[in-house]
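Both complexes shown next keep chain A, but they swap its partner, so chain B is in the first and chain C is in the second.
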Partner chain A sequence: MKAIGTAAVTAQVVLVVAGAPLLAGTMRQVRARMEGRAGPGVVQPWRDLRKLLRKEAITPIGTGPAFRVAPLLLVATTAVVAALVPLASTVTPVSGSADLILVVALLALGTVALALAGLDTGTAFGGMGASREMTVAALVEPTILLAVFALSIPTGSTNLSAIVSGGIHDPVRLASPAGLLATAALAVAVLAETGRLPVDNPSTHLELTMVHEAMVLEYAGPDLALVELGAQMRLAVLLGLLASLSAPWGIATTASPAALALALVLLTAKVALLGSALAAAEVFWAKLRLFRVPELLAGSFLLALLAVTASYFLTGE
Partner chain B sequence: MSLLRKIRETGRVAEDAPPRPAPAASAAARRLGGSVQVRCVDAGSCNGCEIEIAAAFGPVYDAERYGARLVASPRHADLALVTGPVTRNMAEPLRRTVAAMPRPRLVVAVGDCALNCGEFAGGYGVEGAVADVVPVDLKVEGCPPRPDRIVAALRAVTGR
Partner chain C sequence: MNDSVYTQLLDLACGAFLLAAVVVLWLRQLSSIVQVFALQGVALAAVAGLLGVHEGRWDLLAVAVGIGLLRAGALPHLIRRALAAGTPPPTRHYEEDVSEARETQPLVNVAASLLSAALLTLLAYAVARPLVELDPTPATSALPVGLAVVLIGFFTLVTRRRALAQVVGFLLLDNGITATAFLAASGVPLIVELGVSFDVLLAVLVLQILTTRMRAAFGGTGIDDLRELRD
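Moving on, here comes the complex of A and B:
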């Protein structure tokens, strides 16, 4: 019983760490194919990481502990979130701690660490990227909190495992107005939090349009490998969380090896599908002007607020 | 929707890949293991070479499928594509860019101007060829070089 729970947590973390670069590779491949290119293959991000880990580490003159600690903190917080969130199983030894507020705080800790590192380099673009990232984060974190809070009202708990198992046993909740509004709000928040189009362009070369990329311009070698892995893991975890909350079918609610194996396969399929859909949609989108980003995020916050209101009025408590 | 129809009608634009190059010659290239991040440095070029580099990374030649990718910072880069004769004002920025790249690093001189100052040899603003300022590992000849020659130089480094 306990052993299978531990195995589920381990499998979630291993799957996220090993699968996140493959997810990034798949998304780049989808984009390449739609642009008429052949694409470098799905495992290219792993080749990039392997090469970066072999390269010389550089600490720019004048940078302090914030610059050195940030990549480790980013990967560590994301790994903890990957262990906590019910991606494959709702019955794990840590599912009691899978609290919504803790998960959002851990994600925010990673964001803040990287923003401080951007400031620490003392370059113009590092500071500019950090300032933009904090602006976006300040608008995104409340939306994630509020959207998941709307989903938590029918369950009566902010524990993510309880919310997900509630959704499995009572699927009507997911199709309720509150559930749909919350899912839409969460989807926009995930795009902003992971720095995808239309909020940030992950493949930009123009420093003036950068948000996330501008903060990591000074990283090289193994540190850059950790930053890239951290960013890819965040995307995988947040897409997995979105899939768990909006389509929780297949997630193991009992401690049986067969259910866990099925859950892991379905998780991979769901995240790969969401990632490919996102990559395909990005071909049609342009990046929003920076001053219009708050409008988009305020819109998604409004959806989350409506979801909370709807779940109070329509559940008839 | 019209974009979707366009994507479907156009299909694949990338030309078939030429045969795989011989295994990477230098030890630095072997250590990169099929992944090369490229930083372009315009040291005083007429922008003819830049247009060809852009074409090399475009859909038809698609240098990205061999594991090369353009990046925005020399700290992320393994390889510097340097174009043009090095002008007096760009000599120091070029030295600093190459110094900012983590080892193992490579410098590729692209175009006749980068190799021997070409048309601009003897100009009052010209410091010299790229090899006079930083050590050069690979050379791509032509004025401007065809995109497939640039791609061939990148493939010699990625080994794919």
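Moving on, here comes the complex of A and C:
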């Protein structure tokens, strides 16, 4: 019983760490194919990481501990989130601490660490990127909190495992207006949090438009590898969280090895499908002007708030 | 149709109804706003139809069909015609977009108006609570949706500059009032409903003519140009 739970947590973390670069590779490949290019292949991000890890570690003159610790902190917080969130199983030794507020706080800690590192370099780009990232983060965090809060009202608990197992046992809850609105708000928040289009363009290095890339411009070698891995892991974890909350079918609610294996396969399939759909949609989207981003995020905040109010006045009881 | 399916469908229709009102505030392109408004008409007709089927009242079903035709068909068509009349054909070279097709500068910017919509929804919920407690059924507990759409419609009416956006705001207000009537009292008598519907249709026709006249006189329907009285 306990061994299976530990195995589930280990499997989640290993799957996220090993699968996140593959997810990024799949998304780039889908995008390349849809644009009529051959594409570098699915494992290209892993090759990039290997190349970066072999290089010598270099830090710019005048940077302090914030710059050095940030990549480690980013990867570590995301790995902890990957262990906590019920991606594959709701009965794990840590599922009691899989609290929604803790998960959001851990994600925010990674963001803040990276923003501090951007400020630490003292360059214009680092400061600009950090300030933009903080603007977006300040608007996104309340949306995520409210959206998952709306999903937690029918369960009566902010524990993510309880929310997910409640969704499995009572699927009507997911199709209610509150559930749909919360899912939509959460999807926009995930796009903003992971720095995808239309909020940030992950493949640009144009100084006027970049947000995330501007912050990490001074990183090189193994540190850059960690930053890239951390960003890819965040994307994988947040897509996994979105999949668990909106389509929780297949997640193991009992401690049996067969259910766990099935849940891991389904998790891979769901996240790969979500990632491919996102990449396909991104082909048709343009990046929003930076001053329009607060508008989009205010909209998603409103959706989340409507989800909370709707779960009060549309429950029908 | 059993009770839980009815509740679920009614909640979905009410949710779509409220969401459409919010999306109208979010968008700038007038043609998309009109599309969303038409979808809201469909949601309103669905609410009326569901109530009719649930209570076994066939006159309500007829009203639902009428509402669908008027609010999802006729009114959007009229607004679209007025819009097409005011939009010049696209030119090859770049020109500043001064046409009527976009609500470029609302009095309150879009982010702030979305947050105001959130506050208005909470206000509607707070105001409607004593009413809901009188007779808590699935329909009456969705009453805040109708009130919220009334408030959001009024907000649109007050903060938009283009005449056509204001017409849509007025129609949102009217949709909200109709929805409130359905949810609170399963609709008003057929004759009153007919009267209200024709009233709205006439109002839109008059506003369309007025818009055309304004455009002929001033070259645009920006409300800011109409501040002074002239003779």
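Basically, the second predicted complex is superposed on the first by the 315 of 317 C-alpha atoms of A that agree within 3 Å, B and C clash if a C-alpha of one lies under 4 Å from a C-alpha of the other, contacts with A are read in each partner's own complex, and residues count from 1 in each chain.
Just so we're on the same page, a contact is a pair of C-beta atoms (placed from the backbone, for glycine too) under 8 Å apart; a residue touches a chain by one contact, two chains touch by 3 or more.
Not measured: the values here are computed from a predicted model.
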Is this a clash or a fit when chain B and chain C both end up on chain A? fit
Tell me the contact category for A:R50 with respect to chain B and chain C: first, second, both or neither. first
Answer with first, second, both or neither: which of chain B and chain C does A:E295 touch in the superposed model? second
In the overlaid three-chain picture, which partner chain does A:W285 touch, first (chain B) or second (chain C), both, or neither? neither
Taking the superposition as given, does A:A310 touch the first partner, chain B, the second, chain C, both, or neither? second
Thinking of the overlay built on chain A, is A:L180 touched by chain B (first), by chain C (second), by both, or by neither? second
After the superposition on chain A, what is the angle at the C-alpha centre of chain A formed with the C-alpha centres of chain B and chain C, rounded to the nearest 10 degrees? 110
For the superposed arrangement, tell me the lowest C-alpha distance between chain B and chain C in Å. 16
Footprint overlap on chain A, where chain B in one structure and chain C in the other make contact: none
Complex interface listing, chain B residues touching chain A: 3-4, 7, 10-14, 17, 31-35, 37, 59, 62, 64-67, 69-73, 75-76, 78, 100-104
Residue set of chain A touching chain C in the complex reads 172, 175-178, 180-181, 294-295, 298-299, 301-303, 305-306, 309-310, 312-317
In the complex, chain C touches chain A at residues 4, 7-8, 10-12, 14-16, 18-19, 22, 26, 109-112, 114-115, 117-118, 121-122, 125, 128, 132, 136, 138, 141-145
Which chain A residues qualify as touching chain B in the complex? 32-41, 44, 47-48, 50-51, 54-58, 204-207, 210, 213, 217-221, 224, 283-284
